[in-house]
Structures are given as structure tokens and as C-alpha cells.
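Listed after this line are the structures, all set down as C-alpha cells.
Both complexes shown next keep subunit A, but they swap its partner, so subunit B is in the first and subunit C is in the second.
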Partner chain A sequence: MYKIVIPQMGDYSTPAKYLISHIIDCEIISIPITNKTLELGSSNSPLFVCTPFKYTLGSFIEGLEKGADVLIQFGGGCRYGYYFELQKQILEDLGYKFEMINLITKGEFDYKRIKKEIERLGLKLNKLKTLYYIFLSIKMVKYMDKIDFYIREHIGFEKENGSFIKLKKQMLKDFSTTKNYFHLKYMYLKYKRKFKKIELDNSKRKYKVGIIGELYTLMEPFANYNLEYELAKMGISVKRYTNVNYLLFEKKYKIKDYLSKTKDYIKYKMGADASDNIARCKYLCKHNYDGIIHMKSSFCTPEIGAMPIINKICKKYDVPVLYFSFDTETSEVGVKTRLEAFFDMIEMRRTK
Partner chain B sequence: MNKIKIGIPRALYYYEYGILYKKFFEKLNFDVVVSPKTNIDIFNKGNLLAVDEMCLPMKIFLGHVNYLKDKCDYIIIPRIDNYGISNQTCTNFLSLYDICNNLFDINILNYNIDYSNNVDEIDGFLKMANKFNIDSFKALSTYEKVKEEVEKENKKNIILNRKKLKDKNTKILILSHSYNLYDDLIGKPIIKFLEKENIKVIFPNVAEEEILLDEAKKISKDLYWKTSKKLVGALSYLTNKVDGVIFLTSFPCALDSLAFELAMRKTKLPYLNLVVDNLNGFAGIETRLESFVDILRREIYV
Partner chain C sequence: MKAYVGIDIGSISTKGVVIDQFGNIIKESYIWTEGNPIKAVKKLINNLKEIPKDIEIKGIGTTGSGRKLIGLMLGANTIKNEITAHAVGTLHFYKDVRTILEIGGQDSKIILLENGIIKDYAMNTLCAAGTGAFLTSQAKRLEVPIEEFGDIALKSNNPVKIASRCTVFAESDLIHKAGVGYNTKDIIAGLCKSIVLNYLNNVGKGKKIKGPIVFQGGVSKNKGVVHYFEEILNEKIIVDKNSHLMGAIGVALLSKERETDKVYTLDIENISFETRGVECNGCSNHCDLVKIYKNNKHIDTFGNKCEVGGK
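This part shows the complex of A and B:
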């Protein structure tokens, strides 16, 4: 039986694991991201590659050391699409023996190619079964994202500490035992009700902040030093739009709308999520958010291009903006200090 | 009536399209102003305007636009999205127009190429001409004439470049994007130094574009950036014909960080990985170049 490694990104490893373990006969090794992962990844990566490369490479190395023999990389747009080939070369140079599969090539999910690759490993892929489980895991992602929106807005004001996180862990555990669509939907509704029943202390609610930026850094809590949770602890409700559901399904339809809404600033698509972020920035400014936090992994080119324009918008609407650029050597204390200073500034502006 | 002045920044895609722009607009009876060769002053001004994490050529580009902003009526700012799905460009070129539009208060002459949405080079030129009410027939015929001239020149350059391969001296291939290689601050000092050391410097344009793009597949199957593909193609094309390779990268280049890393891992030639950042001091680079040249010569003569 093959042992498979999927790089972690936030909580999305649950649906990914669910999908892959059901369509092919295999065992999945889960690699939680730790400092060791990061160290392994960055010591074997080129100098100024973006940080997600280092995270995923690190988890591959850790997985291979635990005896994995099949690696799965997701691929996609911007630089993500080229990770696969270079990571494969790096791992081969390190002397490991493995098979590697890239899910998205040339911006598309090519079923035939992936079927061929899986059959090369001596495994079988049933089309109907695959489609059914893809459908289920997509639904799972949608439900997770819907609940995440609610959590982000309210987690800072829970009466009993940790009740949101506890319930979410339980939910993910239950989601991974999904039997069929109705079972999944039933669980979603059940947990939605449970989340809404968690008691909140609304007197703490003061400020709201929008988070925009590069997708991996936004979605993986380890990569942004759990920034969302830190904000919540300060009593700030957080709005974040980027999630897997948006990237996979909504982006295609929304991008034109976004471009027309930001006509004064941008004319063209600016690559990756840059124009989306500019549109969101304008939206957040217009809706009286107290501040905007823009974060990216260092050297993320499209986001760097968006920064002067975000600056201009924030200046016009007089909304403070804080830029974070996370590398492998950013210290947690530094991030906290800057956040605290940002919070103090928001507070001062309000009391003026 | 005064002629309309059109400015062309001598940075980024100037080295691919600049001569084409210049000849095209001169034939159509415009005044063309090309910004001077890059110098420290231009770079410093660009550096102040840019976000500090932007790449070096980008900062230089902003400096050039800054130089031109009061000296002409329109400035050409190319925006190149892609040359088809597997021939994409760096995201900097996608956002160039919007960045300049927001940073400067200038009239931009927009040149947009997006092959996967059926906007090709001819469309780009016609649109530029249409902005000045020049009819499409005239523009098209001028474009074709000019294009022919430029292509002839390109072919001549390729032949000149190939002639160097027959030379008996040490030959070094410099791999770098044209906006690094031919820039007066980044690439020129390095080329000058090597030529002073009696070394034949081979540029990446050793064959026609199509051949290089095909050749790139021997090293990397997945690569989808056109400029990187051409460089990697040149490396594969010259595998047995040169003595060494210099990978010249400007700090934090997105494409090179991945594509060059793979090329370095696959090539069997001796190579030097040069990363140029904020342009202070050539001495460090000089030492590294010297020792690289020494190593190459020893290998040949011992």
C-alpha cells in the first residue's frame, strides 16, 4: 500500500485527505507544520523563492523520512505552477526515491493525465466514484468556509475561552467520517446551530479589521504566526475573503466585477490575487473598517505590485494599513509588537 | 504645429520592443525621446518611488519614467500579459501599466499584449496609432516595414553572436534577461570586465526564438515563462560549445529564483551564480568574476 503525503494548508487537509483516501487505496501521512519543517524546507530551497515553496518542500522531506513514497503537489497559477518540477529535482538530488503527482497543470485540472499517472503506479481509478468524492469534498470545503467566516467574526468575543476552537476540531473530525451528501449536510447544519449557540460577550466588540494578501500566507495559520487569533484576542473581529472556495469557483466570475468597481485605480488584471485584493481594499475602506492588514510571503511579486495602489486607496479614504512580509526568519515577537502598535493606533483614532 | 513628443523608458522591455517603437513613431512623424542610459541618479530616484521589495529592473524602470515625465507628452508603458498559455511573463509586466498610472501623473500611451485573449502585437501597435487618429492602413504598412527592418537586425545580431563560438579563446555564456544584460548599471560592467580579460562573451540570443523555445524542453518540461524559456533553451543549445556559464540574476527575480535553480542543478558546465542587488560597489563582483575566469582557464590549459 502506498503512503501519500499532501502538504498542509490550514484545515483544508481534512477534505483533501478525505478525497484521496476514498478514491485510491492508500495510507495518508499527515505532516503538521513545525519549525523543523520550515528549517528543512528553507535549507534546501533557492535563496529568494516565495515562502510556500519552503513550507511544502519541508513537509515533503519530513514525509519521505517517515517512509512516504507518493507526493502530491497542487500547482496552480503564478509561481505555484512551477513548484512541482523544481521540488522533484531537489528531492531527487537529495537521494530520495518517490513518485510525485501535480494536480493542476497549465491552470487546469486534467482528469485524463492524472488518471494515467495514477495507473502508472499500479492503482485503479473509477471515474464515477472519483467524481462523486470530488463533489463531496468540494461541498465539504464550501461548508467549512461558510463556518469559518462566522468563526472569524466572533471568535474574539467568546465567554468561555477556547470554545470555538474546540468545537471546530470536533467538526473537522466528524467531517472526515462523512458517509454521503445528506450525512454531510446534516452535520453542517448541526454544527452551524452549535456555533451559533456559543455564548458571546458583545460588550468586548469594538473594532473590525479586514485582512487581504497572498493566499497561502492567509490560509495557513503557521505561516502568519496565528495572526487572526492574535487579533481576535485583542477584541477585533476579522474579515477575510480569500479561501479555497473563492479561489476555485468564485474568482472566475467575480474578477470582472472587481475590475469595474476599481476603475479609477486599475485597468487590467494584475496577476494572481493582486487586483482582487485592491478591490477588496476599496470595499473595506468604503465600509468603515478600522484598519486593513496586508500580508504576503516575502518576494511575492504580484502583491508587491499591488502595494503602491493599496497605499493610495488607503490614503484617500484615511484608513490605516499594516504590511506584513513573512519570511522564514521573522520573529514572532516582532509581529506581536507591530500588531499591538497597530491596535493602539486604531484605538487612538477612535477616541479622538 | 508642434510635433507630439513620445517618451520611451530605456528599461525592461525596451530591449525587446524599444527599437520597434522608436522607428514606428519616427516614420509616422512623431518626436521620439528615449531616456538616457541608466545611471546612479536615475536609479536612486526610482528607488525612492518604489516599494522596497520590488526587483531591481523595476526600480530602474520607475526611475526612467520619472526622468521622462516632464519631457514629453506621452510615455509608452507596455503591459504584456502573455504570449499564449505556456509562454507567460513575469507578473511585474502585468501590473506595470497600473503601477505607473497610480504613481505618476502622466499621459500613458498604452501598449497591451494578451495572446490568450487574441490581442497580439499588431493589435497593440494599431491601438497606439488609433489614439492619434492615424488610420489603420497607414499604421499597418508602417508596422510591417519597421518590423522587417528590426527582424533583419536581429538576425544579424544572431549571426554575429554565433561567430564568436568559433573563437579559440575562453567562451562564457551569460544567461540573463535582456533588461539586466544590456542595462548600463547591471550587465554592462560585467560584460566590459570579461571582454577586458580577453574572453568571448556569448549572449543568450544564439538562435531564432522558436528554436530556443523548443530547446528549453530538454531541460525543463513545465517551464511556462517565455523569457526564462529562451534562456534555458540557450543553455541547452550551447551545452558543448562554451566553457562556462554565468547566471546573472537581479535581486529578487521571481522567474530566475526557480528556473535558474533547476538549470543549475541540471547543467554539467561550470557555472557562476551572480546576484546583483542595490548596485553599490563593483569590487565584490569583480573578485568573483576573476576567480571564475581563473578556474576556467586552468581547466583548459592544465
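This part shows the complex of A and C:
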């Protein structure tokens, strides 16, 4: 039986695990990202590559050490699209024996190609079954993202500390036991009710901040020093639009609209999520958000292109913006100091 | 009489002030941190204690990189980041300030204000080039006391161009320039200018710097740096005589805003305050924990990321 490693990003290992373990007979290794992952990843990566490369490479090495023989990587719309080949080469040079599959090439999920790749491993893929489980995991991602929206907006105001996180853990555990679509939907509705029942102390609610930026750094709490939670603790409700559901399904339809809304600033798509972030920045500014936080991993080229425009928009609407560029060498204390100052600045602006 | 204490624990120096309710300084102290904030603060507090007997301390505030630890040690009512502290302190003396330039030992920041409200700020991110630590290390290399640096720089009419992108490159460039035979005073002037250029290119990048400009932090005592800021920005630079204490004054003012009935004491000499660094083995993350003991009793832990390490 094959042992498969999937790279970590936020809580999305739950649906990914669910999907892969149901369509092929295998064991999935998913190890949460820790300092060890980062150390392994960055010591074997080029220095000036963006952090998602380092994190995923670290996850692969950790998995290979645990006896994995198949690695799965996802392509992307920026440099990330080339990471599959590069990482494969690095790992082969390190002397590991493995097979590697890239799920998305040329920005698309090509079923025929994936089928071939899997058959090459000596595994059978049942088309009907595969499509069914893809459908289920897509739904699962959608439901998770919907719940996450609610969590981000309210987690800072829970009366009992940790109740949101506890419930979410339970939800993910239950989701991974999904039997069929109705079961999944039933669970989603049940947990939605439960989340809404969590008691809130709305007197703590003060400000709302929008978070935009590079997708991996946004979605993996380890990569952004749990910034969303730190904000929530200060009494800020957080809005973030980037999630897997958006990237896979909504982006295609929304990008035209986004481009037309920001035609004062950009003419063409800027690669990865840069144009989306500019549009969202404008939206957040227009809707009276108290501040915007833009984060990216260091050397993320599309976002570097977006930053001057974001700066311009924020100046026009007079909304404060804070930029973070996370590297593997960023000090956590520095992040906290800047966040605290950002909060003070928002407070000063609103109260004086 | 009521008084408030503000302490700014920086990477190089530790600053402390006692102010009255109008913000006037009653007592001030400025000492080197020498890598041991707890020891430095004990010494600092000893200096600050020499105040009239009838003064009641109604608030203690801490800021700077050691703010959390020292805040815990002194039981401070205000623990604030240095950006806010500097802004509040400066606004107390200069109501209409628009730009605060601050260059400290290991970090530098810029704060833009409008009508007494912070509008934007930035802090250096990657490198120590363009900070006080860089100047100090170069002063040692040239065997010139850092206090005389500014006066020597002003004597030069022809500052040497020094590659200022990075501390290490600047240093090798400096050695090269010295080897070629440039005057020491020209090199020193070049260093001062490189600090300014580095600061404006890194921290001040994309920020509109408008007057009145206040310059503070340890490096503001260097006349050479002030001169080149004025030359390049073409604006008058205000350097307060207490520019090195601004953070401490700011946080003392903030502690005044949070004043309660509680009266604080500065008798901390006999309190044993100890920190122990341990590596948490709860999971593979291996957080570096700092456990803090007051009189041998565990009071808090810094650095843990989950509930496992907090115990």
C-alpha cells in the first residue's frame, strides 16, 4: 500500500485526505507544520524562493522520513507552477526514492493526465467513484470556508476562551467521517447552528480589518504567525476573502468584474491574486473598514506588483494599511510590535 | 504630589523618567542595557528612586523590546509598543509635528502624523544598516569615540560615498576607502550620510516626509546625521534635548491616562526576579519558552503557542 504525503495548508488537509483516501487505496501522512518542517524546508531550498516552497518541501521531507513513497504537489498561477519540477529535483538529489504527482498543470485539473499518472503507479481509478468523491470534497471545502467566514468575524468576542477552536476541531473530525452528501450537509447545518449558539460578548467588538495578500501566507496560520487570531484577541473582526473555494471556483467568474471595477488602476491581469487583491482593497476601503493588512511571503512577485497600487488606493480613501512580508527568518516579536502599533493607530484615528 | 514612571528598555540603552502630572521631568536616567534588561532596570530604578519623599507614584509604563518582561517585573499598568510611545511623547512637546524620524540602537522607524493622529508608520525590517549599532561598530573600527563622531563629521566638506545597502558591504567598502587613503573625517562624514540615505531608502520609502520633522532616538545626538538629514530633506530638523527619552516620556504619559487609586512602589531591590529558558517538548514544534519566576514562584511563561507549554 502506498503512503502518500500532501502538503499542509490550513485545515484543508481534511478534505484532501478524505478525497485521496477514498479514491485510491493508500495511507495518507499529514503532519502539521512545525518549526522542524520549516527548518528542513529552508535548509534544502534556495534562499530567495518564497516561503510556500520551503514549507511544502519541509512537509515532503518529513513525510519521506516517515516512509512515504508518493508525494502530491499542487500547481499554481505564479512561480508556484514550477515548484513541482524543482522540488522533485531537489528531493531526488537528496537521495530519496519516490513518485510525485502534480495535480494542477497549466492552471487546470486534467483528469485524463492524472488518471494516467495514477495508473503508472499500478493503481486503478474508478471514474464514477472519483467524480463522486471530488464532488463531496468540493462541497466540504465550501462548507468549511463558509463556517470560517463566521469564525473569523466572531472569534475575538467569545465569552469562553477557545470555544470556537474546540468546536472547529470537532467539526473537522466529523467531516472526515462523511458518508454521503446528505450526511455532509446535515453535519454542516448542525455545526452552523452550534457556531451561532456560541455566546459572544459584543461589547468587546471595536474594529474591523480586512486581510489581503498572497494565498499561502493568508491561509496557513503557521506561516503568518497566527496573525488572524492575534487580531481577534485585540477585539478586531477580520474579513478575508481568499480561500480555497474562491481560488478553485469563484475566481474564474469574478476576475472580469474585478478588472472592470479597478480599471482606474489596472488594465490587465497581474498574475496570481494581485488583481483580485487590488479589487478587494478598493472594496474594503469603500466599505469603511478600519484598516487593511497586506501580507505575502518574501519575494512574492505578483504581490510586490500590487503593493504600490494598494498604497495608492489606501491613500485616496485614507485607510491605514500595514504590509507584512514573511520570511523564514522573521522575528515574531517584530510582528507583534507592528500589529500593536497598527491597532493603536486605528484606535487613535477613530477616537480622536 | 502625583508622579508617573516611564521606562524604555531598548536593545542598547535603557531609559527611565519620572514625570509629574503635567509631563515635566522630575528625574531621568539613561544607562546601557548590556544585554541584561533585568539587571539594567534594577540599576535604573535605583537611580530614579532619588526623588522627593512626598511623591506618590500613580502609574508605571514600559516600552521597548523588553517591555513585556519588565512590565511584569514592575507590575506596570501600561505596556505599550515603542511606536505609539514615541508618538505620544513627541506630541506632548510638539503639538503640530508631522513626521517623527527615530533611529535607535537596532531599529529605526518613521511615524507620520496629521492633526496629532498617527497616520502611517514603518519600521526597518531586514537589516541593521542605518541604525545606531552600525555606527557604533564602525566607530570602534576607526578608533574614534562615538560621542565625537558628529563633530568630526561636520568638519568634512567632502563626505566619502559609502555603499550603504548592507552593514557588511558598507564595512568592506569603508575598509577599502580607508586603504585608498581617504581622510578619517571624510569617511566619518560619509558614514553619517550613508545612515541617512539608507534610512530614507528603506524605512522612509514611499512616505511623504513633511515638516515639522522631529528626529529622536540615540542617533539623533549625532550632529553629523542631523546635518545630512537637513541637507537631503531640505527641511529643518528638530532635535529635542530629551530626544533620547521620548519613548519613556510617552509611556509615562500613557500610564497617566490609565491611572487608578493604586500607588506603586519602586522598591524592587529585594525581589528576586529570574527567567529560565527551556525548550518545550510537548510536540515537534519545540517552542522556546521563557519561564519567569518572581521570588522563586512561577508567574508567567512567554513564547508558548498552545496550551501545552503554558504550564
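The rule we apply is simple: the second predicted complex is superposed on the first by the 352 of 352 C-alpha atoms of A that agree within 3 Å, B and C clash if a C-alpha of one lies under 4 Å from a C-alpha of the other, contacts with A are read in each partner's own complex, and residues count from 1 in each chain.
As a working rule, a residue touches a chain if its C-beta (ideal position, glycine included) is under 8 Å from a C-beta of that chain, and two chains touch if they have at least 3 such contacts.
Here the structure is a predicted model, which means the values were calculated and not measured.
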Combined model on subunit A: subunit C and subunit B, fit or clash: fit
Subunit B versus subunit C as contact partner of A:Glu160, first or second or both or neither: neither
First (subunit B), second (subunit C), both or neither touched by A:Lys312: first
Once both complexes are placed on the shared chain, angle at subunit A toward subunit B and subunit C, C-alpha, multiple of 10 degrees: 80
Partner chain in contact with A:Thr34 - subunit B first, subunit C second, else both or neither: second
Which partner, subunit B or subunit C, touches more subunit A residues: B
Contacts of A:Asp201 with subunit B and subunit C, given as first, second, both or neither: neither
Partner chain in contact with A:Thr337 - subunit B first, subunit C second, else both or neither: second
A:Pro320 touches, of subunit B and subunit C: first, second, both or neither? second
Minimum C-alpha separation between subunit B and subunit C after superposing on chain A, in Å: 5
Residues on subunit A lying within both footprints (that of subunit B and that of subunit C): 308, 325
Residues on subunit A engaged by subunit B in the complex (per definition of touch): 46-50, 78-79, 81-86, 89-90, 93, 102, 105-107, 265-272, 274, 298-299, 301-302, 304-309, 312, 325
Residue ranges of subunit A in contact with subunit C within the complex: 31, 34-36, 226, 308, 311, 320, 325, 333-334, 337-338, 340-341, 344-345, 348-349, 352
Subunit B residues within the subunit A interface of the complex: 51, 53-55, 79, 81, 85-86, 90-92, 94-95, 97-99, 101-103, 112, 220-224, 251-254, 257-262, 265-266, 275
Complex interface listing, subunit C residues touching subunit A: 65, 80-84, 116-121, 123, 125, 206, 283-287, 305
